[in-house]
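To keep things simple, chains are lettered A, B and C as they appear, and every chain counts its residues starting from 1.
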Amino acid sequence: MSSGLWRGAGRRLRANPAAMVALAVIVVLVMLALAAPLLNPNSIEALDWSQVATAPGVAHAHWFGTDRLGRDLFVRTFEGARTSLAVGLLAGAVSLTLGMGFGTIAGYVGGRADYLMMRIIEILSGLPLVFFVIFLTVILGRNGYVLYASLVAISWLTMARIVRGQTLSIRRQEFIEAAVATGGSPARVIIKHIVPNVLGPVAVYATLMVPQIILVESFLSFLGLGTQEPHASLGTLVAEGAGEIEAAPWILLAPGILLALLLVSLNVLGDGLRDALDVRDPG
Amino acid sequence: MSTAAPELEQPTLRIDGLKVRYGNSRRGIDAASLAAVRDVSLQIFPGECLAIVGESGSGKSQLFLAAMGLLAGNARIEGSVRFDGEELLGLPAAALNKIRGSKLSMVFQDPMTALTPHVRVGVQLAEVRVHHAAATWRAAERSALDMLERVRVPDAPRRMREYPHELSGGMRQRVMIAMSLMCDPRLVIADEPTSALDVTVQAQILGLLRDVRAQFGTSIALISHDLGVVAGIAERIVVMYAGRVVETGTTRQLLRAPRHPYTGLLTRCAPNLHAARLDRMPCLEGQPPSPTEPEIGCAFAPRCPRASGLCREQRPPLRRIDEHSEAACHHPLAP
Amino acid sequence: MTASCGSLLEVRGLSVEFAGRGAVHDVSFEIAPGEVLGLVGESGSGKSTLARALLRLVPVARGTLRWRGEDLLNCEGAALRRRRRDMQMIFQDPLASLDPRMTVGETLAEPLEIFEPKLEARARQTRVAEMLERVGLTPAMAARYPHEFSGGQCQRIGIARAMMPRPQLLVCDEPVSSLDVSIQGQIVNLLSDLRRHSNTAMLFISHNLAVVRHLSDRVMVMYDGRIVETAAREALFATPMHPYTRALLAAVPDPAAALH
């Protein structure tokens, strides 16, 4: 694939201070999230009865304080970050793949197939999220797969629409006609010509999709439908913290700030990517 | 096609030593990396048609875009552009806007992208008068209709209500020309007005420009890559190559007895059905240099059949040949 | 020439419609092996649509299309793609017809990947380098991207791509109309050389008769979707029959006349 054009985009991205700061923040957060268990001796489940709901301090290495059950918030917050990021990235990747496949085929083939595929998307878009999750939970039981399945089921729809739109605008261009005239099969034209040319805008939407997924997961967890005990996601932590906001505000603060930082950084990075990829590199 | 003695009249447009460079360098214009126009001077007198001929990349469009103040923010411009005696470079936007579109107007190459797609043709035309001449909409629309008829758009009342995409290419170009004439301009800059059109329509548009000049007495700066196209309408021609002027002269001189080898080759490239058919279609080999390349010696030397060692080392200055013409060549063609 | 005896492409009564309106009406002609047939007409005359119909890039409403005697209209899918090896196209906008995200080398290698899949990467690269030289470019250009080249160079790349599968017919849709007049001859002369070298037949489409004159054996004139005149080249230019042909000839600017 053409590295030359991505290199130009990389150069422009590096010249964008906001995007670089956002990238740095994300990298630091990810590293902290991965390293947290090594930095702090507490485990996510251990209940420290001597330090129930204590404010942040150095005693017993509870740097972010503890929650109502005496669990260390530092480790739990970063475990939450790991969960949220994992959910965001994994569900994001699956949505991206599904959306790309569906969208490029619908956009390229057009006609009847496109019509049917778009109606399917519209019907699925009409389903209310919470309802859908509850429905899946009833059928599949309470496990992590339900969460992933429902998040993917929601996100791939928008991705498919975006990809289809991009495909439609690329399809009319002369180099696609040339690829067909050269003898390319529809599969070859889609994979070798359409995908690389829509990847730019799609990559941008993908980076903006990750924070959205994290947010939806947090929302579901807030309602009790997402990540289950003893595991935590930023959403469950925020839910817990919200209940204690008067008595022990630090329980909400750490995960809340982290979640906000993560979402804002991903959005800023996404914007930066769009600006960097937008220009047809003139050299 | 006679011209009054040029020295006695004040030129409508006078460009002196114009340089246009692009780059992020703060070290001054000569350190910037891309030189679109390297040093151009020319004059256009009232009522005359001057053609500026050159290949893509010669800087001919950039020259006039700079004069009109239409270049991007990172363009560095040096030199002087005087319109009816008034310096345009450095003029504040408000003053420039009064001149642009009314006294000094431009017709662009691709009418499809130059016209606003979602506004009706009649409104776009009328807007020019409303904006510049403070006319009422009713009066402006009457002028617009009148102008469409003068540029010979058939069924003008209907066209007024149509959108640009509903018109053919030739028709759109007529609308653009009409738009440029709305405020009785002193100078119309036509940037490759026929390049996007069929040969048959091209002939009509050139005829229209000729008539417009006769009717309105406006000067025309006609930019083109095709010497054959401008021959029928321009009195004088300026030939540009790699951001510089390489030859100027009257049309007759340049077509009959060009001095610069580049002009000589260009005259052979104009498609000519009336000459005997050649097996090889005449053309220039190679490419013009890129504006990012540094200038060493004569820019045309790599493609010139007469190039010598001197040409590759020293850039030939523009030398006056006679009252009407100049050429920049160490070994000019014999007259 | 008797019908379909030895002719490469035989078209009879071809009609193409867009949104219910006719773009090409009842067109019939033949192209012999190695022959260059010029097709002249204005914008909107249907010549580009006809070109695309011949290559099955747009649907045909009526008529027959035969390639070496075989029916081309009932060919679909993989069979049609195999046929494409013999008939290739070059386009009016040289830059737009090249995938901006692929290097020149990748673009040129694609026909080989499609039609000679057993070829090794090294052999492919050699063929690409050879073709680049044949069209007047250098092998080093294979690593660069289309936007780095001028219009004339992009058109050479387009011609190289079309010639890679060694086609017997090249459909040229206004290949020089968007190029400077000084460069047009380079491309026309290149096509002339290729034709001599490989005996490739061509359908050369243009709105400018002066250009067509240098390359064609026969010329067809198209107006409003119909062929109004067909003649051998010199006959057409010397004694045009149809008034529209005469109008086209009159429209080419004559620099010599302009001086008087």
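The definition used in the following text is that a contact is a pair of C-beta atoms (placed from the backbone, for glycine too) under 8 Å apart; a residue touches a chain by one contact, two chains touch by 3 or more.
This one's a predicted model, so the numbers in the text were calculated from it and none came from an experiment.
The chain with its Cα centroid farthest from the Cα centroid of chain A is B.
The count of contacting C-beta pairs peaks for the chain pair B-C.
The centroid of the Cα atoms in chain A and the matching centroid in chain C are 49 Å apart.
Separating the CA-averaged centres of chain B and chain C is a span of 32 Å. A straight line joining the Cα centres of chain A and chain B is 53 Å long.
Those residues of chain C whose C-beta lies close enough to touch chain B in the complex are 42-44, 150-153, 180-186, 188-189, 192, 207-211, 213-215, 234, 237, 247-259. Interface residues of chain B, counted against chain C in their complex, comprise 55-57, 168-169, 197-203, 206, 225-229, 231-233, 251-252, 255-256, 265-267, 269-274, 277-285, 287.
In the complex of the two chains, the chain A residues touching chain C come out as 1-2, 4-5, 173-175, 177-185, 188, 192-193, 196-197, 280-283. Looking at the complex, you find that chain C touches chain A at residues 55, 57, 78, 81-82, 84-85, 88-89, 91, 93, 96-103, 110-111, 114-115, 145, 147-148, 158, 161-162, 165.
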